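Shared between the two complexes below is chain A, which pairs with chain B and chain C, respectively.
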Partner chain A sequence: MNIVGVAACTSGIAHTYIAKKKLVTTGEALGHNIHIETQGTIGTEDKLSKEEITAADVVIIAADIKINGMERFKGKRVVEVPTSIVIKSPKGLITKIATDLGLS
Partner chain B sequence: MVEQLRLSELKRHAMTGVSYMLPLVVASGLLIAIGNILGHNPSLISDYKSSYTIWQASVTLGVYGMQLIPAIMSAAISYSIADRPGIAPGLLMGMIANAIDAGFFGGMLGGYLSGWCINLLKKYVKVPVWAQALLPMLILPLLASLIVGFIMFFVIGGPIAAASFALTAMLQNMQGGSAALFGAIMGAMAAFDFGGPVNKVASLFADGLLLQGVYGPEAIKICASMIPPFAVTLSWLIRKKRYSKGEAANIKVAFPLGICMITEGVIPIAAVDPIRVIFSCSVGAAVGGALIMLFGVESQVPSGGMFIVPAMNNPTGFLMALAAGTITAAGLLTLLKKDAVEEQIVEEDEEEIDLSGIQIK
Partner chain C sequence: MEINNVREIINEQLINLNLKASTKKEAIEELTADLYREGNVINPKKFIADVYYREEEGQTGLGNHIAIPHGKSDAVKITSIAFGRTVKDLKWESPDGEPVHVIILFAVRNVDKTTVHLKLLSQVAMALADDDTLNRLLETNDKTEIIQLLSQEMK
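For the complex of A and B:
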């Protein structure tokens, strides 16, 4: 499936990027098409494009803080989790989402 | 409303506050420290018409920054709850908190109240179509500022200021055993989850006290954040067999991160063997924290790792506490850990987590 998402943590320097890496590595290993935007202290990086969002089956928000631009995902299926879940169990999370949505 | 009071929601708002506040705290703290060291504790600028030195300017700017902290904390919390309309009343509540000496905790409370107030107003205030534009521009910020402002001034401001003051006085007067115990608990909490939620509670507390002029907890936080990466590195140097090749590569990343006071580099190592690593690091950090309190080490700068040690009041004491904590944790790690199995499956272990609570909206 097509996944987009946003990662953001409190200090915005470490967990944000660990979460992104875990999601992307795991997602690709499971054969999904995945794009993750990071909102760290440095600002937004790898900003999601409109096309990516439109094509997405699901939006994963891995954030410990409020993220910017939630309105972009209006009408999308959104999963919100803290970064710790993504860091500890990326495979479990993506598999669960795929099962719940009936996609794989 | 009930939804908003859930603990995870409350925490997310507080964390948003912290994330907006951190850069300001670091910049202000360093400005004060640099000015104080190089200018030999210059006085603050009181009269802009007469001349002043650059060190006075640096310290004064830093103090302005510190005074803004309750405001940015409050505004960010309020923004997190109520989006953009939350910012204006949030800033004002933070200014009140600063003015009535309710400090950082007063700012946090002001932020929650303004955010919730805006959300309630959004829900219940209905205006005719021609006044729609006035709602976010005038009605919401004005009403929320009035309502929460009066609550802050006349109802809860006094008690919070008194509680803040009592806490500050208690911590300042702590000596000997109780100081050491406090240091040990703070240290253990700060190291417990390597930058995770427990650590953030400890650092929130330390940052709050910084504004009240209590600088010891910041020194503990800095020390306890650096002990885990240093300890893992030291125990690897003592006995390399304890770590796999992959872990060794992680340690080489964790150490330089540790110098910058980023504990997170230890996570991959802790993930493989959580109980032993967390136990060892927490004990080491508790030792470090207790010593910081006993030596009376204080830091006006909340973040920056080894680079800000010279800015502390007692750098030698800090380094001794850091070394003692590191050696304790490294010793425990070396003793407790088993030799690494090199043929580990390349695939990373996943923790079993109950994901059933996660919903797709």
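For the complex of A and C:
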């Protein structure tokens, strides 16, 4: 499936980037296309394009704070989780989402 | 990647494989003392207070016996990390409830929000997303390997 998402944590220093890396590594290993934007202290990186969002089957918001640009995902299936869930069990999360969407 | 920047972020002097600490508080204090000695932190007391401010906002244990406390603080002169390891079981809030043996303390300057250093720190964090990397960090006694492991995502 096509996955887009945003990662953001409280201080924007570490968990944001661990979560992004785990989502991308795990998503790709499971055969999905995945793009994750980070919103950290350094600012927004790997910003999602309109095309990526349009093509996405699901949006994963891995965040401990309110993220910027939530309106971009209006009408999409959005799964919101804290970064801790992604860090602890990325495979379980993505597998469950795929199953729930009937796309596994 | 500027090799000098990597060495400012992490170097052998900021790696302590035999922490004396037997509690989370002592570990943070001991690693802060290393950062102070190297001139990266100018006010240890204030820095520790800012680390604890972050601790209040959510757990910094990653699981797999690793924790990443961090402080964004005016007391930091050079954005950098201190690496500490102990054979003792440190009690730490972690997703798997396991004791912590490796502590990677991130010291971040309050200003200069778009520095190269901050980018490098985010790449250190990305390196910690890999379980094999975490296992090596728990085992190796080679400080050069620790630096390589932490900088593997730097491009």
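Rule of thumb we're sticking to: the second predicted complex is superposed on the first by the 104 of 104 C-alpha atoms of A that agree within 3 Å, B and C clash if a C-alpha of one lies under 4 Å from a C-alpha of the other, contacts with A are read in each partner's own complex, and residues count from 1 in each chain.
Criterion: a contact is a pair of C-beta atoms (placed from the backbone, for glycine too) under 8 Å apart; a residue touches a chain by one contact, two chains touch by 3 or more.
Treat the numbers as computed from the prediction; the structure is a model and nothing was measured.
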| item | value |
| --- | --- |
| Partners on chain A (chain B, chain C) - clash or fit | clash |
| Chain B versus chain C as contact partner of A:78, first or second or both or neither | first |
| Partner chain(s) touched by A:96 [first = chain B, second = chain C, both, neither] | first |
| Chain B versus chain C as contact partner of A:20, first or second or both or neither | second |
| First, second, both or neither for A:64, with chain B first and chain C second | both |
| Which of chain B and chain C A:11 touches, first, second, both or neither | both |
| Touched chain A residues, chain B compared with chain C | B |
| Partner chain in contact with A:88 - chain B first, chain C second, else both or neither | both |
| Contacts of A:37 with chain B and chain C, given as first, second, both or neither | neither |
| Colliding region between chain C and chain B, picked from 147-155, 165-173 or 327-335 after the shared-chain fit | 327-335 |
| Chain A positions touched by chain B in one structure and by chain C in the second | 9-11, 13-15, 18, 41, 64, 84, 87-88 |
| Footprint of chain B on chain A - complex, ascending | 9-15, 18, 41, 58, 63-66, 77-82, 84-85, 87-93, 96-97, 100-101 |
| Parts of chain C lying in touch with chain A, wherever the complex brings them together | 54, 57-59, 62-63, 68, 70, 72, 95-96, 106, 108, 113-114, 118-119, 121-123, 125-126, 128-130, 153 |
| Touching residues on chain A, where the partner in the complex is chain C | 9-11, 13-22, 25, 38, 40-43, 64, 84, 87-88 |
| Residue ranges of chain B in contact with chain A within the complex | 8, 11-13, 15-16, 18-19, 22-23, 79-80, 195-197, 200, 257, 262, 264-265, 267, 271, 350-353, 355, 358-361 |
